[in-house]
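Listed below are the structures to be examined.
There are two complexes below, and they share chain A, which is joined by chain B in the first and by chain C in the second.
This part shows the complex of A and B:
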């Protein structure tokens, strides 16, 4: 017998397991068709779901079974039933953290609970993200819990927003390429800014810019920081602020390119920044910088995979600025 | 009496001194089936890597200390008179919980020692803690954390944005095989610091951090770009294997515990151990006579007088402190300091390396606490060392210590030592006799593994794990 092949005993055990699973599945199916809402139904569905978290019809049936119980109407009994359900789910999370149906069910449980413990749920989400900082389910669940906390908060959710914002800072510091953390931050920032008075608002924006520059200098080719950059441009209070930001950005990119000619993304961003600057404030970009922009686009067009895009952009800019799009020197191929 | 029992016995390999190098050779020789006798004239393991409690250290300093190896030991209490008594009392309390190393060491997480410990299984008998932080210290301090990973760089408050970019470029180049090869090829014969300046535009603190704290190049030590880059690469490659650290430090004695583990493995494989044994000068019978006088040609030319008797050996491995004066030279001199702090200035449960860089010179430091069972809770032991004689370097060591521990902690007891690195004199090589240097100023244990390998392979013809 080759190593790894099942023995006769193992095959028999597997066969018995499949048989038991099929029998259980048939039993649950029969209960479901009858629409039975009883403890027997709950026991059977739990047994089946323990073996397979992905049976979304069974999760749905389990919810109907709960709601159909006579004792469902009594808040105390409901609290007990659902707390036991949460404990059951806690065990299941360990087995399969990324089951959509399981998380959906948990959301239903929390919404049906007379007295949900949101702080505990927040801690659960934090633990998930500590294990895997990019777990979509972790972030999604966190947003759901935070939304509930915000709704229930007496101060309209300010404290919740601040602590969530601090949480994203912590996540970004741990891994500046964590897209989910940057995304979450961008969703919180408007509320954070609105909660501050104008001088503090400017300081907060400056802090965001410092954070994103930190990420750019650490890893100039990572797209997360650049996406956040673009978004920060949008959220500026007026065009004047935007122009100031763009100018600072242009200076930073030039410094970066001076240190490290190899990075590509900053090059593309330099061209984009100059173009945007010119659009917001016509005439702000003088002839020398326009020529610089054209040269940058020429360099970017040297990549055969992106040649078309940058050549087009260069030609269009050339027409707009009245600058010759053709270079006099031979272009290195 | 060990000497009487062993008298007249013949061994394939007799090793003198239980330092890390000899311990590795002994363990591998025994595993390869050779008969091994391993002797130390001291009553403890470790040789030049030995580890003491404070009172034992003082005892050793006044008594059994090999004055050729450690010519000077000075005790400096931080104050005099009654205050000194209370300072010493502070050390005496829980003094058995201190493990003071004569030669503090660490092991690169992806270095030859760790690989050897894993391959031989000897690592099962040693516990380690990670050296979590690496500091650059300037005169006056405070210590600045040196980031060595992208996360560290991002989170660092000490580096400017430009410095972050420069450091990331260096880390990225070193971490990528193709870029690394290209950089090294382009370096040619350039000197390391010049290369770092030219290619990566490093200067100031960042340059010093990479040279001293990452590549661990000594002050004034001329290092070619290739060699320096290799060291940076070894450091960066070691990061992440066990966490955010490049080095591991053994518990209960950063060098001696490792030597003991290999000795244990040797004994299990049949090696014989004798401690606290008087060892006489080793003699070698000429090639046309095996020395036994009975013409049986067993090739055991060496005669090792041992505790009243003598044994014979085909090979003798010793560190230079066991060799006669005419066979030994002083390769270099170090000044060392062991400083017991009243408070764990750099963290209560932490281990850290530091490099103090000043105009007068550079000092290597190792900070240990209860994390490596080097001190009782609430205390710390800070080691410092630098090349040079004690009279010239005492002030520099003192400055390095105080800049590193800062005002947050005060020294209870500082022990200064002048240590010679003894090596074989450049005389004609005697076949079968292998002399290793006594511990030098390197932090890593990898050179010790290399020294052991040179003896095992070419010397003893043993290839296992090598």
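This part shows the complex of A and C:
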């Protein structure tokens, strides 16, 4: 628009593109209204979907057209038709990896296949995540495939869980800011722990703590490891274990702050850990640490992006601990 | 804040003209390529216009007639005349009819029957259409659409709540379904669903509020997941979630408003996903909705309902503000000075 007016030729080209698209769209519409299930219908819908992946009505018609073919009743023939459809999807997904409708169609194909190759689908999902490690659809698709592999596994899915867990370790080791990988790990860990005896379970929990601390040391300001760190408290066996973990964490954070006291997030986490410790074990946080906590929150509230949050927390703590708002206490920011 | 330049303005007239002009672009391929979501486009346009106090800028009778014509024999609505039904468009259609004060023009029983038929009674989950894709978005839509007709009891609401609860994650957020990664837009649909169902008690308020507050980036804009780019549409999804949680002040609303205003197209009107990109009606809607939530007062904006995403007056007229009674008492906004 700002780049100058289109030439007459460009306008003519644009007009022709509109005309062609509308003609194709009208052709598919006419076939659909007749309810035609034929190879002609499959060709026409493919041609239209190649131009526009977002037409859920056309994807739906394509599925009906498949199911209405006489040869659909022959499992061998159906296998061939749907394998070709998977290849078509492969090309399309490469073009638009974020289409809900397309992923939905792929799920339909897999479920309609007489002999689906789930391991192959898992490899495909891995390839996709190698290109874009955070792709929302890629992870959802991976979980869909894994659920099928689990359902078919003779060991109740234990090996699948372990290998998925290892996959998240690999992803986190590559990039410890991968929220999708940490998330998936949190979804897998409870089953992994449940399958172990108590000593092995304790060892596995300790290994999680080591992994998360390592990630925190790699990038103390990244939120992902801290989120997981907070959740690890939830799944400890009891409050005693939680308090032990919190004390260890407070020590680790102090060490971090000694290295670089400009890190904002470790400060917030220090305050959060002390507050939680105080809640679990009243009296465990001494007056000096409480005062430190209040100072930290005041310092954090100076950040214009987060002021509301930390002011609220500080006020709530002040009420709880009976400390006055302490504004007279000057803090070096 | 002390910006040297004049504070940026909300280009009301430009945005009104942009929305009015959407239906006059038949010579552009994009017009035809987006035909399948025309009903949603009208919804986005009407929300933006309603907030700007210009709800009359589109021809009401024409809109109502067109939308009613998108209802199919199964009772659901397609995104355009003759297109297959889907919950996404059924929601938009019902919201449009509510904004046009024409809910009485639709055969409620057919809509209710369509929506109720999409629930899997074993798991509580709701599909978007006959093909069976399940998502927390559809769980919210089912409960919301039925609430317009006072027919929530036609669903197993406790089952829907169980499905939403199973979609809750370690970070306090919600994904597209059980196992799905937390995402600010899914968080909104889950909170809105729980608000209507009166079950906000299942939410981990502190953890989720902190996660949502982290969505704000130095530009002032909000993202949908950690490490992602800011996008104007999250001004709605994330901030309205914080509103429901009683913590809208956990982000910097002035900076957010400035970010949204910077994504306006000063020439053609409309708002883009981020500054410099091409504007569209979706981001125009959620940009203006974000400004309304952020308390932007450069021009008077109508108040927006955080659950139903329509002007509050519309939601009141439809008798749908009961959700505010379901918010736990401790959640009422307690901003500390």
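As a convention for this text, the second predicted complex is superposed on the first by the 292 of 333 C-alpha atoms of A that agree within 3 Å, B and C clash if a C-alpha of one lies under 4 Å from a C-alpha of the other, contacts with A are read in each partner's own complex, and residues count from 1 in each chain.
In the analysis below, contacts are C-beta pairs under 8 Å (C-beta built on N, C-alpha and C of every residue); 3 or more make two chains touch, one makes a residue touch a chain.
Just so it is clear, the structure is predicted and the values come from calculations on it, not from any experiment.
In the superposition on chain A, no contact is made by A:163 with either chain B or chain C. Once the two complexes are overlaid on the shared chain, A:305 sits against chain C while remaining clear of chain B. Using the contact criterion defined above for the overlaid structures, shared-chain residue A:220 touches chain B, although it does not reach chain C. In the superposed model, A:140 lies in contact with chain C only, and not with chain B. Ranking chain B and chain C by residues of chain A touched puts C first. Touch criterion not met for A:13: it reaches neither chain B nor chain C.
In the superposition on chain A, A:55 makes contact with chain C only, not with chain B. Shared-chain residue A:320: touches no atom of chain B or chain C. No residue of chain A lies in contact with both chain B in one complex and chain C in the other. Contact residues on chain C toward chain A in their complex (touch as defined above): 27-29, 32-33, 35-37, 78-79, 82-84, 86, 129-131, 133, 169-171, 175-177, 179-183, 207, 209-211, 213-214, 216, 218, 225-228, 247, 249-252, 255, 267-268, 334-337. Taken together, the chain A residues at the contact with chain C in this complex read 1-2, 14-15, 17-18, 21-22, 25, 29, 33, 51-52, 54-57, 60, 63, 100, 104, 107-108, 134, 136, 139-140, 143, 177-180, 183-184, 186-187, 223-224, 227-228, 230-231, 234, 304-309, 311-312, 314-315. The residues of chain B lying in touch with chain A in their complex are 150-151, 153-155, 161-162, 164-166, 168-169, 201.
Those residues of chain A that touch chain B in the complex are listed here as 173-176, 213-215, 217-220, 252, 255-256, 259-260.
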